[in-house]
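Listed after this line are the structures, all set down as structure tokens.
In the two complexes that follow, chain A is the common piece, with chain B as its partner first and chain C second.
Moving on to the complex of A and B:
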């Protein structure tokens, strides 16, 4: 009985799309197809960087379709997962992708920085593509990003008034609600700092050009650069966190050292 | 002056003759020999924990020295000036003269920044060492009769030190100190009825006004230091009168003090120790930045920096404010009642009052009128140690709550989660700490008792002729045994009728508190028990 049944099943083995190996073949075709397409898209991105604006838009469109459209929609219209990108402009795209925040690594309270996923050229193509789909703030001109020739003390004052409540007065970062936070500002590039002010990424408010003029933004960038480049005059800063790290330091290392000394001084008689 | 005959026989050198004559001259005019005799023979037992008060004293001296330097250059005025010193990012910015002079001290006066940092680090160390010193005194029961009053004076010093710290923190008129003052202003205004009046009195009008820095300056450099120095004087006088406590040991009883006298040994040692403390502070101050006011910028009521905290010793008050649940405010009789401020004020006030009066409370509970000069091992007073642990936990949770935002960012938590955990911990933490500590103390006492009676496990396994294996227990020597068996044993007080045959409510209360304190206890091993156990083992 058993052998008969086995023979019967062997005889009636399905062919064509019902063949047991059909799934494997299908998977292989699918993987090769998407992988090949991806390779095509990415390789074409590096190949045509010097191309005209139209080619750049087309290039960016392909990159967008491959990397961003899942959440933001094929026409930038947005989905339940992510907002529309129509009108966010080149600056927002350059900031989000250029700092590695996009593509999003994981859903969470806010997009966190991670190693940047694209080359400069690819980021530019994406930015140009997004800007082509609806006008928005453009990538800032280089003249505002030098950190030289601007008013550092005005920048410092503007920073204290507009930025310090979230980013901390020394740019050390700070907590927001529900696990969100304002990141530390050390070593943020001038371009990204400008774009952040201009577009208000994550929970940051927008500081448009009537709110803070381009010159004032440049002043702030000059101050940030000053903070980055000037060594602390007082010695190690303990993270620039103010009295909390100072208090911990004096209890653990200051008093700790002194208690160790007292133990040492009285050790003999014990 | 008494001299021994042998010294008389030797001819004196010129130096000795001069010293003798000078000492005689001074003594005949001041009768100082009595004082020298009394103070010079003051005995200091050798234990590291007895040096913590000294650390506080020496860091105070460092504060006085560096502070004097700072007063030469600091301008306690809120007159508006435009900064024209060497720190570029503040050039041309409007600020008070106080802030400008602080920046000048930091950037343009030789050694000024080092002095500022020495002053500030020494202040942090001053309050921290007072705190640790108080914990030592508390956990060893060194506050008992006759030292209750000295505990209270020490407590006053702790409060004064915090006041000194806070007034100093407010002087530079930078953003951080202004934010701190704004919180104080808010707390003062939160007191019903009189709050607003007090605030206007303090600030000379609406906050921040133009008077507060010069007013705080007078408090900071004159009134508070004068009271602190006077209180330190009394504290140390009582220290000499009461003598030091010591840990129990053979030859160390309730009636003597074993250690080295002030003259000459201890004085030399203490002098050296002062320079060690000064050195540690200077090392820290020259390598680690503290309170970089140039980063904070001048005070302006509109900006508040993220991560704005007071210095560590005010942190517990800041934490209490942060832990109040939202919406604790109502209006009664036409006045706003801000319970979000009143509740922390009352709770902190109660906490501080318990700290201040604990020696008197414990003396009442035990009904013990004897003098105590032997320091307790913390385990031998389980309830006191457990109360202390609960108090430390309460304080620590408030303290942690003051840095809730930094805990949230650095441990990747949500700030609401941190606050809610701290709220729960503030209530349950001390209770848990109380019970755990008490059980640990009793367990340690049981272990001590076991060791005293049956010796300690030597790790040597012996096989007896009939095949049984036993571990040999070795007896302690008398020195070690003394430490384990000599401690006071309190029993719960009995309720007894007084002369009129009545039992008062006070007595009932006292009996019940006493029962809470001493119901669970491990009696110290008696001589009889030791002898009995020796007989058993032989």
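Moving on to the complex of A and C:
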């Protein structure tokens, strides 16, 4: 190409002056050269990555067919027993399988947490496979999951407005209707908390990125971490359940102590 | 036991209040005397305590009581020490907790030591006899009573209260009129206006954008995916003068359902936008914020008294003490795609009240 352009310039222009397109041609040559060289050097690496990704999808597909397809359908289309998984994305898969909620042990008001059934790699494979079948929310980036460097007080306010009505202001969880409940958030990992907000598992509403931006989700995660790490100023929290557990305690132990003291005061001494 | 103690047969001397071992006799007085009255069993036989019998135990109990008092001293000193050993460091919650805990423990020991010691002292060491304390008669002596009457009579004669009718009546008149200003003042504590109009009007206006709580940023219809729940305040609420009061009335929950899931009644066809509906968050029972939204069942649960509303059926009550559905805020979108209110609420928000018609 370069030679062609050079020849053309020699033909039409007096010797010593370059054709106006020569610069463009030279640039093209340079770009093609570096690009080609880069491709040569890296093609093997890319091929490896795509091959491993394909293998992951394949492994995920096998795992899915063996463990999930009975209810969710071989093509993720869903059945009368379970919803379709097309479009739920990697985040939902990682949350449901990673917290042990899926595969479902028994049908009930809601999927309960149980020991995780798969290894990290298997969960990743499943997530990649489900995501490959239809685009959906991805697993969150690590930068939002550190629980550090974000605004804890903003997180607390957002938590009180969006989460506390179900999960309790101290994240202790709470009851919903007909046997459903919002779980306690004490030992939920940052990744699973983020994924839950993003995908709205089961009856939890979806808090997509336009409702709570990734930074705001990170603020909330920071607040949850603060709750986990900060001791209660008031001593025993009694489960942070508020008037129920506190009332029960004071009625049984407080009034019990008063009754005991009264009995002691009026009893005759030996 | 309501004897005038001067007449009490069991009493050995007039004016003696304390009587030992023996039931007082009853005077008939005006009480009905039953013929089959259960006789007063009196006190059980006196049983001496160990401390009465054994001087060694007596000494031991004395030491025990003094130990309690010494413990009290230790507790009080510990409280002072704890205050300095566990200071409150700003920002360190654990230090606050330690400070309160050890200070409290010290003071508790200080107070309980005195209390328990004193009670134990009285129970184990002080005289162990059963005692009856007679009530004092409340009637004054004849002289006192005559004196009192004399004072009143003299006062009446001096002031002429009974004689000068004009003075008496004008005074009574003045006393009756004095509370009037108070009535006028307290009257203003009641709502000045019809509560229906007061509660029906909220911060919402036609064309006002729906914004996120607490940031106040406007919401586009495209921001809501199926299953989304937004906590919503009206645009400009954060800058309003009575932010909290207005928020208590204007708070809204915004959710998106599949349009075919909604059962829309006549007249409300254009109150939702493509399956996006907005309902007042103030419970129609006693006004708690209802925001426990279940995105699969579309039920909304009130945390205070477990009223449940079905968002699919225009927030109809399906369980609990609430009587009316949550008021719906009619919404649509403006030319830029932001959600706006079509109008204010069309009925009073919040709990029922006397003046309200359903």
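Observations
Methods note: the second predicted complex is superposed on the first by the 217 of 270 C-alpha atoms of A that agree within 3 Å, B and C clash if a C-alpha of one lies under 4 Å from a C-alpha of the other, contacts with A are read in each partner's own complex, and residues count from 1 in each chain.
We adopt the following convention: a contact is a pair of C-beta atoms (placed from the backbone, for glycine too) under 8 Å apart; a residue touches a chain by one contact, two chains touch by 3 or more.
The structure displayed is predicted, hence computed values, not measured ones.
Looking at the shared chain after the overlay, A:204 reaches chain C, while chain B stays out of its contact range.
Contacts of A:236 after superposition: chain B is touched, whereas chain C is not reached. Judged by the touch definition given at the top, the superposed model places A:186 against neither chain B nor chain C. In the superposed model, B is the one of chain B and chain C that contacts more residues of chain A. Contact with neither chain B nor chain C is seen for A:252 once the two complexes are overlaid on the shared chain. After overlaying the two complexes on the shared chain, residue contacts for A:26 are found with neither chain B nor chain C. Once chain A of one complex is fitted onto chain A of the other, the partner contacts of A:177 extend to both chain B and chain C. Residues 157, 161, 165-166, 174, 176-177, 182, 232-235, 265, 269-270 of chain A contact both chain B in one complex and chain C in the other. Interface residues of chain A, counted against chain C in their complex, comprise 157-158, 161-162, 165-166, 174, 176-177, 180, 182, 200, 202-208, 210-211, 230-235, 264-265, 268-270.
Only residues 46-49, 51-52, 55, 88-93, 106-107, 113, 117, 121, 124-125, 128-129, 132, 175-176, 269, 273, 276-277, 280-281, 284, 286-292, 294-297, 300, 302-313, 315, 402-406, 408-409, 412-417 of chain B touch chain A when the two sit together in their complex. Per the touch definition, chain A reaches chain B in the complex via residues 109, 152-153, 155-157, 160-161, 164-170, 172-179, 181-182, 223, 226, 232-238, 240-244, 246-251, 253-255, 257-259, 261-263, 265-266, 269-270.
Residues 47, 49-51, 93-94, 96-97, 100-101, 119, 123-124, 128, 212-214, 219-220, 222-231, 255, 289, 291-297, 299, 301, 303, 306, 308, 319 of chain C touch chain A in their complex.
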